[in-house]
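Scrolling down, you'll hit the structures one after another.
Okay, so chain A shows up in both of these, paired with chain B first and chain C after.
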Partner chain A sequence: MPNKDNGNPNANNEAWRNELQQVGFVRRLFQARKWYGADWWFVAISTAMVFGFIFVALFPQWLAPYRFDTIVGTSFLAPGEYPDLPMLITRTDSPTNSLQDLAVGANADRPVIGAIRGSPSAVAINEQSQIVDEQLVSGNSGLRLRPRIERYVTIPALLDAITAGEVAAGVANESEFEEYSGDYPELHSGTTISGGTATAGGFVMGTNDIGQDVLSRLIWGTRVAIVIGFSSSIISLLIGLPLGLLAGYFSGKADRTLSLVMDSLYAFPGLILAIAITAVLGPSIYNVIVAIAVLYIPTYYRIVRGQTMTVKEEVFIEAAQSIGARRWEILWRYVFPNVIPSVAIIFSINVADAILTGAGLSFLGLGLPPTIADWGIDLARGQRHIQTAWWLITFPGTAIMLIVLAFTMMGEGLMEIFNPKLRER
Partner chain B sequence: MPVEILYSIRNLDVEYHTRGGDVRAVDSVSFDIRRGEILGLVGESACGKSTLGKALMRLHRKPASIVGGQLHFDGRDLMALTEDEMRTVRGGEIGMVFQDPMTSLNPVQRIIEHLTETILAHEPNTSKKEARLRAGKLAEKLGIRAERLNEYPHQMSGGMRQRVMISLALALRAKLVIADEPTTSLDVIVEAKFLDLLRELRQEFDLTILLITHNIGVVAEVSDRVAVMYAARLVEIGDVGSIFANPKHPYTRGLLHSVPNITLGDIELYKMEGAPPSLLRPPTGCRFHPRCPDVMAICKRKNPPLQKIGSDNQVACWLYGKEGDA
Partner chain C sequence: MTPIGLIFCIVGVPFLILLVYIMITGSTGLRRYIITRIGLTLPMVFIMGSMVFFIMHVLPGDPITSALGPKATPEIVENIRESLGLNEPLIVQYGVFLKNMITLDFGNSLVGGHRPIIDEMSERFPATLELVIPAAILALMIGIIGGTFAAAKRKTARDYSLRIYSVIIYSLPIFWFGLMLQLLFGVVLGWFPISGRIDPVIGTTLEHVTNIYSIDAFISRNWLALYSVIRHLVLPTLTLGLILSGVFLRMTRINVIETLQTDYIAAARARGIREHAVVYQHALKNAMIPVITLIGLQVAILLAGAVLTETIFSWPGMGSYLVLRISARDYNAVQSVITMFALLVAFISLAVDIIYSLLDPRVKY
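Showing the complex of A and B:
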């Protein structure tokens, strides 16, 4: 924002340029408010963050590697930890690479697959081959997969059997195979038995207690946070703004009654009120939105009412009356546009507040049904494992902090730009 | 030229209801505004001039109310009109120009919107295009260039904004414009231009202007007649020439003496004794008597009525009273 109120604009411009040439780039960046009137980078960064969050909330399916409710691997994988999946192990010269390759005609000999007795991989191969078999049958390929499982006691025994060709393939967890792979150069691991290759590098943010991807839940959770933040703020805006406008403009008895109600609502501890409302209404995203909206109506009401009362004493309102403007016309065309800037600022800060309250509610297990991907729920689930799995609460916690920071910073920055009294000279 | 009365005000009382009691800011004021004239209304600060101006449009707000009197404007009884009918009079027939042009325009509306909105508020059948056309023509007459119409009030100077305010009053061909200290916040050169403009407009639009001011010089410059108010009452009204040459009321005399004058030289400026009275507890009888150099016994007991003196002047003072002692 150009510096407008210092006398001659040309002379001012000159001085501005001289000063600009004397300072270095970094200092120029940090002292930018001197020339632009506010911490423009403050606003720029936070606005970029806000739009980033909104983008993530709109298109989580493009950004998240998995859906928020799919179980993708073993539970409690640390960030970057390789998931230890059962692999199909074959001789290097064998054409077999996946379970499907072992399928044979209905009357042919059933293939033999080796496994470790009592290990999870033995259970997995059973389940997985049934799934593949069902797919083959329904696909009318004429092939079946009904392997005979040969059980061994130790890994070397299994690997020996594969090398000797006693079994067509073997199943072992990747880590188990890796331990001995040096001794068996003629063996290699193909794919995981479920078909895919294991995620390279594991999961960026690890997996949670039931093996869901933390990153994917984080990305899908953005949607819930943004939806709760925006819709509850919009609802309280839509109720608080007109009430404040009318109360401030017409004053009188209705105003006093309304103000008393709003003040009592405001004085009541916010989170407790929200807890009470959701406890009565039951856990659902709509109820959370309603509870939070009720909480923030008084904020808008008070600000708008105060602003309206200031604006309506301005001379231009009297001037509007003197040219015969109608009352609603004055309210709509003279008072309302002069109140809106402060509302925009409150809105931004309010969204941050609403997200925080929403997360708080679901952390307490009151807000959302547990099937939804929500940061508050993730936090609540993670805090039970805080000593063993730090990544379960760190990432959702950081996300909450960042989104609240972004909206609050944007609001504060806008306030500084719109309110010249706060401007540093 | 026959004198035609445009606005006749009779025994107008306006009160402010405050915690300290009711303050009568306009106390049984009666005068006429003649069609086509510029009537100056002068007086000290807080003597009730602005309250009177607003009351003439019934524009007073909450603590103030008109408690009595008759307002006859152009053959209509304004006191009998409903608020909705009054709205069509405001702007449509009586316009107002405020003291501070910096704050009397909506900061978030363009100039052209101010004008078209005024036109559309009173003539809802006018098309938006037609209203814009009319607004443009009017603005041009007032010396506002067409490209400036798309600017916001903060982009204009004080003099320009005052022109905009006037054009709002003229947009619907108001018959009477009440200008409440229109030049107070303008510098002398802009003020002179503005006063010239007022005179031109009177000719062109057949306008009647009530010029409320505390600046005697402005009144002398443009007014045809002048009314002097003191402590909520009208003390003298008459033709500018005769009042300036021969002020009858001691207050008017004092007021005219206190005007700085370059020919005065080193002589100290006349300062009136005392201070204006509190309207909460006004003095008995004539309100000027505690400060009056010519005070008589009757002044403390009885309020002097406005009486005709000379050909066209009226004064409220016992000095010219024929009533004797009552």
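Showing the complex of A and C:
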């Protein structure tokens, strides 16, 4: 808490006020720590979070383990759960370890591989051996892999057949094999049929309904959120700020009409207006940005106009007028700099709002085309599987919350620091 | 009588009587204020309507072609455009649109039965009311109690934690918060149902009078139905109410802090009144006045939040109707629902301002 070191808090206040007069903006921020207590931490933590999110948005390819649209595992894997992949099962004394080892010359006898009738692993072995075969053909090695698939009804029947040497190898899911592996000490699982080792998988945040990595989509989705947040806020800033300055400075009939329009726009439920605009324009990221930008023009307009009207009455403006400064000069050199702090605060909170609205639009299926990695779209997809897969909705939502929290907290903290009056009231 | 008419009678008629009473007995200043306020609402409604018209008619994009799909022949498209009056000059369409907005005659929907849109809306509007009113009450209760408490304990750990609560709750995406409540209380714990307004079996026993199910169940003394309705209401109300409570909490906190620094509070303290009474009886009353104005502004956020909440909980209200009709590309209905929302916002903020003027004797126009 501030003021502990001094018996007279007012004297202490005077001291820092004097100090405040002398220091520049950056030192002011650092000095703020002394008397703002928790608010300084608000700003420090949220600024770190904001820069972190911007970094993630700039370089998702460095951070994400996979691309957002590649299918990397089986669907609905829980966080940390290993994918139950089909394994190649052979005798321990057999040299065969992967599918490639089964390849033979073009005219030799085709190898026989055992599988469980109707199981996913039986489908997978067909597909995978075709892929391997194509690789062999294009590699001109003279080898081919065109196995005959022998189908069995139960796992023990398959494992018995491998033990007896009826088939060169068998295919079963890892978990199925592990259940019986104790009874067949002479068998072992080689690699997965696609070549990797099974336990290398596992996804920090699980996989979604079509087997994409939730974490990777989350990281790539940061880009969409940041792009929507910043570009729509910048557009509304560029329109709202000049309008507000002009209306506040040259008040008159035009100001009153414009204010009425802006007030109506402000009163309109934002999300519903954005829904209408995107519904008419169609789903695309540009349309979302335009729709959200329109919503926040009145916010800038109102604040800047109010601020300008207050600043206009200050003594230093009068002084500038008396030394013959022109109106535009006063507006640009004396009024505008005084408006910047509040615009910075609004901008920060506005980015947060824009991200929320954008996510809301894509949650409703209106904002973005469904191929884009976006948190709102992921949430909407996850809602359909709420009964089975909690991780599909938990993580994207947490990401939205954190990014919005970062920008809101930054705005809040800036508000306290830029405006000591608010704090001392 | 349609449900919407009934609601108008319950809410609107007393308000009109109040208005007439104020106009007869009120002071000149108050009367002038109310007339000016109404005078400002009318252009606002007009501008909002024009914005809707601009979005739906002037922006690029042909809703009719996209509604009918690629198989529709040009003649069919032409016929529908003709019947909707879309081939008229824009200015004529604009006139027709404004006339329809004033008479609340929105024409028929383009899909599913082609019923009058106003009928479809009046079936769904009570559902929205049933969701929005308890949520607003919840938000106000949490906001006022929490905000006053935080202000009284300013700069303590309790104040900071309440402020962090308000920032976090403001940052929560409402649709995600709803989903998490569904996950926790609906799926994992199984305490509350996660969709709909009433158990479908019990629903058949309910007489529909106002279409506000809790009132219907209460009138017909159908306690089983009332129980089911309340159970279905819990999660949506919590979602909407908690999300909104953050704003009210902050607003109340700031206003109570400001009020606590005024002279009359210093005087009250000097007279030796207990701090508790100073905060909760002397300061709170005056601090509430600006908070009431805020309610008017929050109506917009409340309605936008209702759209998302209704979508998550399959709540058959205006918001889910809007989303449903957008995906069906029923552009006539979309336009009407959005116009209806604009009208609602304008008139509720008018009502709030008039109530405000009664509470705060300082209001002068």
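The working rule: the second predicted complex is superposed on the first by the 381 of 425 C-alpha atoms of A that agree within 3 Å, B and C clash if a C-alpha of one lies under 4 Å from a C-alpha of the other, contacts with A are read in each partner's own complex, and residues count from 1 in each chain.
Going forward, a residue touches a chain if its C-beta (ideal position, glycine included) is under 8 Å from a C-beta of that chain, and two chains touch if they have at least 3 such contacts.
Keep in mind the model is a prediction, meaning the values are calculated, not measured.
With chain A as the common reference, chain B sits beside chain C without any clash. In the overlay built on the shared chain, the residue A:Ala352 is in contact with chain C alone; chain B does not reach it. By the touch criterion stated above, A:Leu260 is placed in contact with chain C alone, chain B being left untouched. By the touch criterion stated above, A:Met409 is placed in contact with chain C alone, chain B being left untouched.
Set against each other, chain B and chain C touch different numbers of residues in chain A, with C touching more.
Shared-chain residue A:Leu143: touches no atom of chain B or chain C. By the touch criterion defined above, A:Ile393 lies against chain C but remains apart from chain B after alignment on the C-alpha atoms of chain A.
Contacts of A:Glu314 after superposition on the shared chain: chain B is touched, whereas chain C is not.
Closest approach of chain B to chain C, taken over C-alpha atoms in the A-based superposition, is 14 Å.
Taken together, the two structures place no residue of chain A in contact with chain B in one case and with chain C in the other. Contacts from chain A toward chain C in the complex involve residues 1, 37-38, 260-261, 263-265, 267-273, 275-277, 279-282, 352, 356, 359-360, 363-366, 379, 382-383, 386-387, 390, 393-394, 396-397, 400-401, 404-405, 408-409, 412, 425. Touching chain A in their complex are the following residues of chain B: 57, 59, 61, 87-92, 95-96, 98-100, 103-109, 117-118, 121-122, 165, 168-169, 171.
Contact residues of chain A toward chain B in the complex are 314-316, 318-326, 329, 333-334, 337-338.
Per the touch definition, chain C reaches chain A in the complex via residues 40, 43-44, 47-48, 51-52, 55-56, 59-61, 63, 155, 160, 167-168, 170-177, 179-180, 182-183, 187, 194, 257-258, 261, 297, 300-301, 303-304, 307-308, 311-312, 322-323, 326-327, 334, 338, 341-342, 345-346, 349.
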